[in-house]
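Labels run A, B, C, D and E following the written order; every chain starts at residue 1.
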Amino acid sequence: MAADVLTVSHVAKRFGAVTALRDVNLRLAAGEVLGLIGDNGAGKSTLIKILSGFHQPDSGTLSLDGVEVSLRSVDHARSLGIDCVYQDLALVNELSVYHNMFLNRELVRWPLLRNRSMRTLAAQHLADMGVSVPSVDVEVAKLSGGQRQAIAVARSVYSSARILLLDEPLAAMGAKEGALILDLVRRLRDRGDVSIIIIAHNYAQILEVCDRVNLLQHGEISYDVPRSRTSVQELTDLVVAEYRQAKHRQSDTSGG
Amino acid sequence: MAADVLTVSHVAKRFGAVTALRDVNLRLAAGEVLGLIGDNGAGKSTLIKILSGFHQPDSGTLSLDGVEVSLRSVDHARSLGIDCVYQDLALVNELSVYHNMFLNRELVRWPLLRNRSMRTLAAQHLADMGVSVPSVDVEVAKLSGGQRQAIAVARSVYSSARILLLDEPLAAMGAKEGALILDLVRRLRDRGDVSIIIIAHNYAQILEVCDRVNLLQHGEISYDVPRSRTSVQELTDLVVAEYRQAKHRQSDTSGG
Amino acid sequence: MIALRRIGDEFLKRREASILLVAIALMAYFQATTGIFFTESNIVNVSQYVAATAIIAAGQVLLLVSGEIDLSVGNVYTLAPFLMHYAVDFWGVPVIPSILLALVLSALIGLVNGFITVVLRVPSFVTTLGMLFLISGITLITSNAYPVPIPTAADAFAPWLGAAPWAEIIWALLIIAVLHAVLTSTRWGLHTIAVGGNLLGASEAGIRVGRIKIGNFMICSALGGFAGIIEAFRIDSIDPTAGGTGIMFAAVASAVIGGTALAGGSGTIIGALLGAVVLGVLRDGFNLIGVDAYTFDLIIGAAILLAMISNVHLARLRRAGRT
Amino acid sequence: MIALRRIGDEFLKRREASILLVAIALMAYFQATTGIFFTESNIVNVSQYVAATAIIAAGQVLLLVSGEIDLSVGNVYTLAPFLMHYAVDFWGVPVIPSILLALVLSALIGLVNGFITVVLRVPSFVTTLGMLFLISGITLITSNAYPVPIPTAADAFAPWLGAAPWAEIIWALLIIAVLHAVLTSTRWGLHTIAVGGNLLGASEAGIRVGRIKIGNFMICSALGGFAGIIEAFRIDSIDPTAGGTGIMFAAVASAVIGGTALAGGSGTIIGALLGAVVLGVLRDGFNLIGVDAYTFDLIIGAAILLAMISNVHLARLRRAGRT
Amino acid sequence: GPDQQSNSGGEGVGDFPKTPKWKFVFVNHVTSNPFFVPTQYGAADACALLGCEFQWTGSKTSIAGEMVNATNAAVSAKADGIALCVVDVNAFAKPVDNALDAGIPVVSYNADGAPGKPGTNRLAYIGQDLFTSGVRLGERIAELVESGEVVGFIATPGQLNIQPRIDGAKQAIEQSGKSITFNQIASGAELPQELSTIDAYSQGHPDLKGMFAVDAGSTEGVAKVMAKYKLKDKGVASGGFDLVPGTLEGIKNGHLDFTIDQQPYLQGFLPVLSLYLYKLSGGLVSPAETNTGLLFVTKDNVDPYLTTKTRFEGSDTKQQLVERSGAIGHG
């Protein structure tokens, strides 16, 4: 089995009174695609943002290739080969499609931007993903929900990251565009030089591309299973069982 | 068969050089749940925004209960019983969960807001949807993607609208929360006093609740089929066929 | 004890807590150094430094929260008492209707600002900049730029309208209280926040965003007129050089110091009052100490920076401590 | 013909087209009414009305686009030529190094503004308000508030630095050209827009948002200092009452008139130049016509409103016509 | 004879030949300050008399650059004469030279550079000798106060139309040899701010022996604060400059010991006259240095200022004949 590129040990994160992560332990093997699932508000995005250097954990450690690191910033994480698609997409409405697609990764002939090259590449990447936009020159404020998401996904997927973190990359994508992006992820996996964590609520999609699935519950990874040993049904049951318990707890504590 | 509550005839809408809708004809029967599907950028959200009074069509007409109307504003449409969940959610980050949930539909004992009642109701509605938030007093800026969507959906679903327009209401929802919302929609349908248009890219979910499915392509409704006569497979094939044609067209015109 | 701590906790939860602490610390400092800060006459002085600015700042908060700004309000402040004067002394209107007339005209200026901003889509910074010059011209031309006394017909009302020592600050506190309730506890306030926080979202939710903005322009402008009138009663003269950009600037600064975001969507009226208090206490306190003319600016600049840095720091401590 | 139309179309695509048309229309009007607008001496006058404001406005655009504002830049404008004067006349530093020293110190003031805003998280409106007073105090104390002549050692450089009729505007155009390129064609500009347009998103994308903001504070402040120096050379006197909030205000107004959003994320440097031109042409034109000071305010206010309403209208026509 | 012939006159105003409607530009440093209202009336009256017109322009806030721009615009617009407040010793040298080069006569009024250094080649200065007026103020202070703390308020320090007064006062107090400590305090540019500053200062300095001011607004503020705390009863001396209503009120009620009038009406009237005559005579009648005076207004001679509202004080717009009777006060 391949060595772990990323290990997360005992990571915790609180926001004021809210404990988003309590004690997360997770590992990502080289070339692996890991699916991360969990309820709304379970802390998936928070975990991803810690891995991308955006948040700093309150406690716990991260290791890259077995070496402990402390990610100071997104830029730092990116310099170590970690790239991320955020759930909120992180697009700048005022900028064009192609500038967004190359944001903070611009092609330059110093000191000037190489706009023509970026424009061409942007159009090509969108075509690969089956997404059509009116023009790559248009401001992203004017795009549809799916078009916006495609730009955010393209930004990371076409970077040369070693570790890709995808937070609900398919949420707004059409059936066709979603399938094409999954194809892309599969191609990346087959190339073998990138490891991926992908969050999605559509378990069918998860099982289509992932090697392994982790379930985040109560601030920790409560279930870790290879694709071959689970199914959409099992995952759904797991989540709903959790729901029943929650309902139970809630009726116990209601009125407080 | 029930009378049509809503009829859309020959509606067109352009944004500058982009033709979002060319010639849309659509009808919604009383008590019916209509699924609207289509590629990213097909114009679904644009159509919904025309029906909610947010955009005005360039040409074409809308009729409510057979009477032609021209929707002057969102407020006007709402006064006629039309309510909408927008894809961008239309939440105000600076406001609390419960204020967002009752935005522009506040409970008041003139001139003051009835904050306590709104707070209680908001907590109750979120519990019904299986969505847990840290507190209904928290600002929505601090919520997770799914929690935010739940608030937007609750806002409309618990209004007493006659016509509900739901633009990808499940995109960010977890498996469990999504199922509960679909339950809710089904309960509304069973009550029979509300007609619903729902947009989603997950065809399994569409077929679970819809009575009929419409496909929006090239700015018009190109396919209209009752649930009983279609399947996830057929809908997927339809969309992919469209994609093949598009690929073809694209390679014809590329280089321009 | 526990009750006290409860009150303390409640207090710390409020957004305005940190700036209030800063204001109290400043007052304590000036009392310690001068020994006469907390004399009645000085407190009256401070209240008079604060009142007019706080009233305008309250209006400006509503407008800033809804995502706009009014640069012309300081000039409405200058014009309004002249309008009253014209009505009483030239057109023979009784005093109270004259004052109401001046306030209505002030609100109308706000309406025009709102119309040009919302309907004609000129950014409010430019709209109200143009209006600033326009009104200034009207004031100068109609008054010949010469100060006039308060109409003698108004003598009976003068104490109520600002001439009595505490009158101004009482008006200010009343207005602050009402607008605080409007912003925090009415639909108007909620919609004001929504419009400034997410304009597109607010209009998608069916809020009449134009109406909210125009209304807030009118409130702000009317308050500017009212502040100008009571300040004229206080100094017992209607002065064509009063107000202008100076007081507008002070009002916006008070709002921002009190926690209102220039970008819209968040702000507090009480914070604006406290911001005005901080500025007023600084001015009064350093005058009491008798700081030399040239050093005054230096010290007040440094004091504003220090006060705000502590304020932000306190606010962060407060948030971190909240459970 | 077709080539001409192509150029026309290209022109109309630019965001600055409408405000340029407004500026041209104003010039034509003043030429028609006075007959001497387009004389060399008057064009020099207009250029001198415009240059300093345009330079500061360009810096302010960068800062506004990145979501901040600098109220103290007008006071840096006042201080910088004094710094040069101290260096030359008191410390015996040669002229050019003295000017560089003044610019470096100006940039340092920007650095402090940026540090307090970005790291200590005080809103820039308040930070730079405090800095405004602080610097004003420094200027008054160190200069005794007396105007001083330009150092005689600098006489040889004076024509280059603003004393020659066209010197100021040439500097302004150079600076505008460079900053326009920076904003539209470099990573710095792109990141400036990103930071102002979506602060959270920009930092999620790994942009060092603090660095961008602080850098723009420094650029703006240094430009303020430079504008102050060349303006001092032009009027041949270092004036402690020059600048201040007046020119800062004019610069922000130019930026906004030129299409920069106060809320951040969008703006154009050339627009700011044209905004300054519109304001300068209005001031000069009405002075040529011989409008009195009181009427001047009235007319300039009305003219700003009319010009901006036509500008917005033209811009809408332009967008509607674009295919 | 020839005398009679000249009496029959030209076709212009009075006995003058017909002249073009000359236009004179007044460049002022605080265009909207009430102090200069009578100045504008003076200019207007002179223009009405002589059939010419004037433009009132400059800066609102004493910015030399703006005044230079206004002067340059006047040169471009080919004005027939310029009257200028020289509030900066250096800035106006070149614009004035340009105007003179273009054949436009220039006089200064109200302010004329620093003492002994007019700063321009203007043909003449029409106004008060500011430094001297400050010296007189200082002498008066030394008469009224034996020793102790005295404050001098100044709206905008460094402004050359008021700063020389404070400097003159300082010098005179020093020369008096009394142990008076004289503090210069900036009171700010607008009345309410000045009032508050002065109020707070008086509260912070209970041992104050005298409160004085060198500009119209601060003087009015001193009068109001003296009245508010009845400081006269505590033996505080006070005084200042100019004749705005609040100041006159203070003199009348005894709160203010004196104010110094500098005849702002003449500062508008005489420049027009001088410039007109220069134009009319082809430059033969060159403007003459004119001191518009220095009149101490005290409780003894304040009444006429209060009882009549006139253009000469700026308090009224209408033209009228002001009657007076009785002896004229003299030294």
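Methods note: a contact is a pair of C-beta atoms (placed from the backbone, for glycine too) under 8 Å apart; a residue touches a chain by one contact, two chains touch by 3 or more.
Here the structure is a predicted model, which means the values were calculated and not measured.
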item	value
Touching subunit A and also subunit C, the following chains	B, D
Subunit E reached from subunit B - shortest hop count over touching chains	2
Interface composition of copies subunit C and subunit D: same or different, split at half	same
Subunit B-subunit C separation of Cα centroids, rounded to whole Å	43
Separation of subunit A from subunit E, taking each centre as the mean of its C-alpha atoms, in whole Å	74
Where subunit D and subunit E are represented by their mean Cα positions, the distance between them in whole Å	35
Gap in Å, rounded to a whole number, between the CA centres of subunit D and subunit C	29
In subunit A, residues with contacts to at least two other chains	17, 88
Residue list for subunit D, restricted to those that touch at least two other chains	140, 144-145, 293-294, 296
Overlap residues in subunit E, where contacts from two or more other chains coincide	32, 157, 186
Subunit D residues within the subunit E interface of the complex	34, 36, 39, 41-42, 44-45, 48-49, 52, 140, 143-150, 231, 234-244, 246, 283-284, 287-288, 290-294, 296
For the subunit B and subunit C complex, residues of the former touching the latter	52-54, 73-75, 77-78, 84, 86, 88-95, 99, 103-104, 106, 108, 111-113, 115
Subunit A residues touching subunit B - in the complex, by the definition given at the top	15, 17-18, 37-42, 44-45, 87-88, 127, 130-134, 142-147, 150, 168, 171-179, 201-204, 235-236, 239-240, 242-243, 246, 250
Sites on subunit D touched by subunit C in the complex	67, 69, 116, 120-123, 125-127, 129-138, 140-141, 144-145, 245, 249, 252-253, 256-257, 261-264, 293-305, 308-309, 311-313, 316
Contacting residues of subunit E [partner subunit C, same complex]	32-34, 37, 154, 157, 183-186, 189-193, 195-197, 199-201, 203-205, 217, 220, 224, 229, 244-246, 314-315, 317
